[in-house]
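What follows is a pair of complexes built around chain A, which joins chain B in one and chain C in the other.
Let's turn to the complex of A and B:
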C-alpha cells in the first residue's frame, strides 16, 4: 500500500507545468483580448475583429474546410480501418504505409502538395505530357478559389487521416470478435454488422478521433498558407495577420479566443452526440 | 424437422489437425452433448456447424439441406457463446430482439417473443438494463433467451455454463434442461464437464484429439466405454485399468489371478473395472467369497467423501481405486481382498486402446 497522497504528488509536476505554460499564457491572452492598455474592460477588439472585411470570409472558409475535411476523413478512415482489421497477412505493412503522413509536418505537407499543383508542378507536367492541356494551368491562382479549396481538402485529408485511422484501428482491435460473430449468427449482413455492432461499440474511439480532428481542423494554417497564400483567409491565418502584419495583438488575442470557444463548443457537441449511456460501456 | 448430419468433416490449421474425419448424426429434437478435454476440437466442430468456421473437407447437413457453403444466417441456427456475447450497447430487450429485428419481424411479434422468452428465463425485470448492469448468471440467461427467441431449428451452445460458479451452474443446468426439452430444437451442447454432460444429454459424443471416440447415452458411455480413453475420462474416480496377460484361450492373468475373458490372439490386454464395481471381502467372513478368485491390494490413501470412502490401493506397481462404504473399517496399510463384479469387467486392446468384446 502507498499513501493516499502519492497519486496527487506524482501528478504535481505535470500540473505545475500546465499551469505555468498553458493556464498562465492563456489568462494573459484572455486579458489582452478584453482590456485596453490602461486596464479597462472592453469589447472593442472583438468588435474590430468582427467588422473587419475579412472576418466573415475567414469564418466561412474555416467552417467549410472543417465540414469538407472532417466527415470525409472519418468515413475514409473507417473504411480503411475496416479493411486493415479484416486482414490477416500484411496488416502491419499496410498500416505503416498508410501512416507515413503522420511523420510529416503540416507545412511540409502543404509544400508537397504545392509541388504537385503549382504552375510548373507535377500535375501540370503530367497533363501536358499526356497532351490533355496545351498551357500550364494556374490551379492555385487567386481567381481559382475552388481549386485552392479542393487542393487544401486533399492535402489535409492526405496529411491527417492517418491519425484517425490509427485511433480507429486500435479501437476496433478492442472489440471482441464474438460480438460480430453473434451478430452474424443472428442474421446480420456485413453492412448491418458494421452499422449495428461495430459503429456503436466504436463510439469512444470515434469520439476521441473526432474531437481531435475537429479541433485541429479549426486551427488549420500551414497547409492553407502554403497552397493559397493570402487567397483563402482562415481564422488561424487571420490571427497571424493581426499579430504580425497589422501589429494588433489585442485583436489577434480576440481571434484566438473565438477559435478556442468554437473548439470547446464542438467538443461538447461531439461528446454529447457520441455519448455512451451509463451501463452500456464495455 | 432438423436432424444434423456431419460427414467426414476435417479441419486443419496450418499443420495442426484440429479435427480428423468426424462423422456424427444428431436426430431431430435430440440433445447431443460434445464432451472432451480442453483443446480436443469441440469448439471448432461447433463453429463449423454454425458456419463461423469453414471445414477443410467434409459436409454438414441440416434437415435435407447441405449447409457447409452457406453463411450462418442462412442455416436457421441460433447460438449461445461461451462468453455470452451479449451486446453491451443494447438493452436486454434489444439484445433478445436482435435476431428478430434482423429477420424483420413485425413489432408485435418481436414484443411477444421477447416477453415470452424473458419470462421463460426469468429476466423479465431486467429488460431495460444494459449488459454492464447484469451479473454473469443474468447475462447467461440473456444469451439463452436471445437464442430461444429465434425459435431456431438448431441450437448450438459452447460451454454456456463454464463461467458460472458451481452452485449457479447446477441450478442453470436443471433449468436449461427443462426449457430446452419444451423448445423442441435440435441441440448441440459443448462442455468439458462430464457431470453437466451426463445430467443433460440424450446422447454424449466424447471427443479426444480431434476425433469422436464414442457417441452413446450417458449410461452406455459409463458402463461400456468404447475405448480406454472413455473409461479414463468418464467417471470420478475414473475406471481402473490393470495389465492382463494371456493364460490360454479366453483366460487372462490379472494381478496373479486367472479370469475368464475374451478370446483373442493378443498376448496382452487391459482389464478394466469401475471403482464401485469392486467387491471387497471382509476378513474372516465367508460370505460373498464363494469360489470366486480374489485378489489382494494394499490400501495407501483413504479419502472420506461423505457419501462413500475412496480408497487408493496398490497392486504391485499398479494403482486400484475402490469405492467403500463410508464406515468401512479400513486403514492405510491394510490388505484388501477383492474381486470384480463379473458382469462389469471390460477388456481393452492396449495397442488400439479400443474395447474388446
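Let's turn to the complex of A and C:
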C-alpha cells in the first residue's frame, strides 16, 4: 500500500529538529556547567553558584512562588471549570473571556499588574480616593518584599490560570456521561459525584496541567523582573544575570542544570502522584 | 466537540451549586466577579495607554482615559521600537512556518500509520513538556557564535520552533485523526494517488485547523522573552526590547509597549478560540 519508509520520512524533519535543538543543547549545557574552557572536569561553577549570596534567596523565592501560585490556580481553575459546565446559556462567551489571558505573555502580565501596583498606580489611587492613605505607598519598593511577592502571585495567577482552565474543561468533555448517570442511580449526591467520579476521571488532565504549570512556574522570569526589578531574585533571573550581565556562561549553565533537575524531579513526582492505573483508562 | 461538552454538562452540572433561585444569583454573581477579575486589569492597561504621558505619571489616577494618543505615538517613535516590532514579526512568522512544515507531516504520520518507533517519537514530543525550554538558549548562544547564527532572526526562530513544534505535532495529529480514513480510501479507489488524495480531500478539511495551530505558534514566539533576550543584541524582538528597558524606561513607554505586546495576542486568541479546547483535549493523551 505504501512504502515502509513513508512514516519515517514524514517524521524525519520533526525528529531531526528535536534532536538538534532539544536533546543536543541539553547535553551541551551539562558540558558547559561541568567543564572548564580547557575541557577539564570541574565542580567549581556549582560552587561559585551555591556560595553566591543571592543563590539561597533565589531558590527560596522560586519555591515560595511555585507553592503560592500553582495549588491556588489549580483549585481556582477546577472551580471555574465546574462553573462553566453548570451553565445553560452564554457558556462559550464566558469561556472566551476567561481564556483571554492565555494570549498574554508573562512580560505583558507583569506590566499590566505594574499599572496597578506602582507608586502612582491604580491601587494607590483607589486607596487615596477611599481616604485610607494620604500619600502613595511604594508597594514595589525594596523595603516591601511582601507586597512585591503578592503582586507577582496575583499576576501569575491572573495570567496562567487560563491554560489550566482550558486543559480541565477539555478533559471534562472527554468523560463519558454514563459514569455520572450510574453514580446518580446509586444515589450519589452532586458533591460525591464530583469527588468520586469527576475528579478521578479527570486525573490525566490534572496531571498534564500540573506538570505544565509547575515547570513554567519554576521558569518564572519576566513577571518578576517587571514587578520587582532586582529586589526579588528568582532562579531564572539569576540565570539571566550570570549569562547577560556577569558574562559567566558556565555559572549560568550550572543554574540551568539546577532548574532542569528540579523540573524533572517534579514531573516524575506529579506523574506518580496522579498516575492512572492501567485498567482504569477510558 | 459540542456533543462531548454536552455529556460533561450533565455530569458536572454543579456539585458546588444547587438549582434554587437563590443559588442562581450566587452563581451569576461569582461568574461576573471572575469575568471582572480577568477584564479589569486589561482595562487599566488600556487606560494608561490612552492617557497622555503626564497623566500616566500623575497621582491620583482617573479610571477613564482622556483618549490621548501621545503615549502611543511616543512609544512608536522611540528609537529602536520600530525595528524591534519588525524583528518580532519576522521571528514569529518564521517560527510559524518552520513549526508547521516540520510538525504537520509528523502529525499526519502519527494519525495514519502504525510503525516501529511511533511510541518513542511520542515520548520525545511529550518530553519537551518536562523541560524548561527557554534555557536551551544558553548553550545555543555559544553554538550560534561558532556557526555564525548569533544575533540572527533565524537563530531565535529555531529556538522558538522548539517551543511551538510539540504543539504543532499534537494539534495536527488530532486534526488528522478527526478525519475518517475512508475519505482518503475513497479518493484512492477513484484513481488518486496518496499525494493527490491528500491535496484534494484532506488538505481542504484540515486547513482551518492548521491555520489555527500556525497562529498558536506565532503567539508562542511573539510572547517569548527569555531566549529572545539571551540570543539577540542588535535584532531585539519587542519583548526583549521592553525587558531591557524595564529599569530605565519611563512609565508611559512601558505601558504603551505592554499594550502593543498584548493587542495582537488578543486578536489571535480570538481567532483560534474554536480550536483551543479540541487542541488540549487530545494533547492530554
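Rule of thumb we're sticking to: the second predicted complex is superposed on the first by the 278 of 282 C-alpha atoms of A that agree within 3 Å, B and C clash if a C-alpha of one lies under 4 Å from a C-alpha of the other, contacts with A are read in each partner's own complex, and residues count from 1 in each chain.
By definition in this document, contacts are C-beta pairs under 8 Å (C-beta built on N, C-alpha and C of every residue); 3 or more make two chains touch, one makes a residue touch a chain.
Everything quoted here is computed from the prediction, not taken from an experiment.
Student: Based on the superposed arrangement around chain A, label chain B with chain C as either clash or fit.
Tutor: fit
Student: So, A:208: does it touch chain B (first), chain C (second), both, or neither?
Tutor: Only chain C is touched by A:208; chain B is not.
Student: Which chain, chain B or chain C, is in touch with more residues of chain A?
Tutor: Counted on chain A, the partner with more touching residues turns out to be C.
Student: What is the contact status of A:17 with respect to chain B (first) and chain C (second): first, second, both, or neither?
Tutor: Second partner only, chain C.
Student: May I ask for the angle at the C-alpha centre of chain A between those of chain B and chain C, rounded to a multiple of 10 degrees?
Tutor: Seen from the centre of chain A, the opening angle is 80 degrees.
Student: Given the touch rule stated above, what does A:277 touch, chain B (first), chain C (second), both, or neither?
Tutor: The answer is first: A:277 touches chain B but not chain C.
Student: Where does A:179 make contact in the superposed view: on chain B (first), on chain C (second), on both, or on neither?
Tutor: In the superposed model, A:179 contacts both chain B and chain C.
Student: Once the shared chain is lined up, is A:130 touching chain B (first), chain C (second), both, or neither of them?
Tutor: In the superposed model, A:130 contacts neither chain B nor chain C.
Student: Give me, in Å and rounded to a whole number, the least C-alpha distance separating chain B from chain C in the superposition.
Tutor: Minimum over all C-alpha pairs of chain B and chain C: 9 Å.
Student: Looking at chain A, which of its residues have contacts with both chain B and chain C?
Tutor: 176, 179, 181, 197
Student: With touch defined as at the start, can you tell me which chain B residues reach chain A in the complex?
Tutor: For this pair, the touching residues of chain B are 50-52, 71-73, 77-79, 81, 83, 85, 87-90, 98-99, 102-103, 129-133, 146, 150.
Student: Touching residues of chain C toward chain A in the complex: what are they?
Tutor: Residues of chain C touching chain A: 1, 4-5, 7-18, 27, 30-31, 34-35, 37-39, 41-42, 44-45, 47-48, 56-63, 98, 101-103, 105-106, 108-109, 112-113, 115, 117-118, 121, 124-125, 128-136, 138-143, 158-159, 161-162, 165, 169, 194, 219, 222-226, 229-230, 239, 242-243, 246-247, 251, 254-255, 257-258, 261-262, 265-266, 268-270, 273, 276-281, 283-285.
Student: For chain A, which residues count as touching chain B in their complex?
Tutor: Residue list for chain A touching chain B: 176, 178-179, 181-189, 192, 196-197, 200-201, 203, 276-282.
Student: Could you pull out which chain A residues touch chain C in their complex?
Tutor: On the chain A side, the touching residues are 2, 4, 6-8, 10-11, 13-15, 17-18, 21-22, 25-26, 28-29, 31-32, 79-83, 85-87, 91, 94, 96-108, 111-116, 118-122, 124-125, 128-129, 136, 158, 166-167, 169-177, 179-181, 190-191, 193-195, 197-198, 204-205, 208, 211-212, 215, 218-219, 221-222, 225-226, 229-230, 236, 239-240, 243-244, 249, 252-253, 256, 259-260, 263-264, 267.
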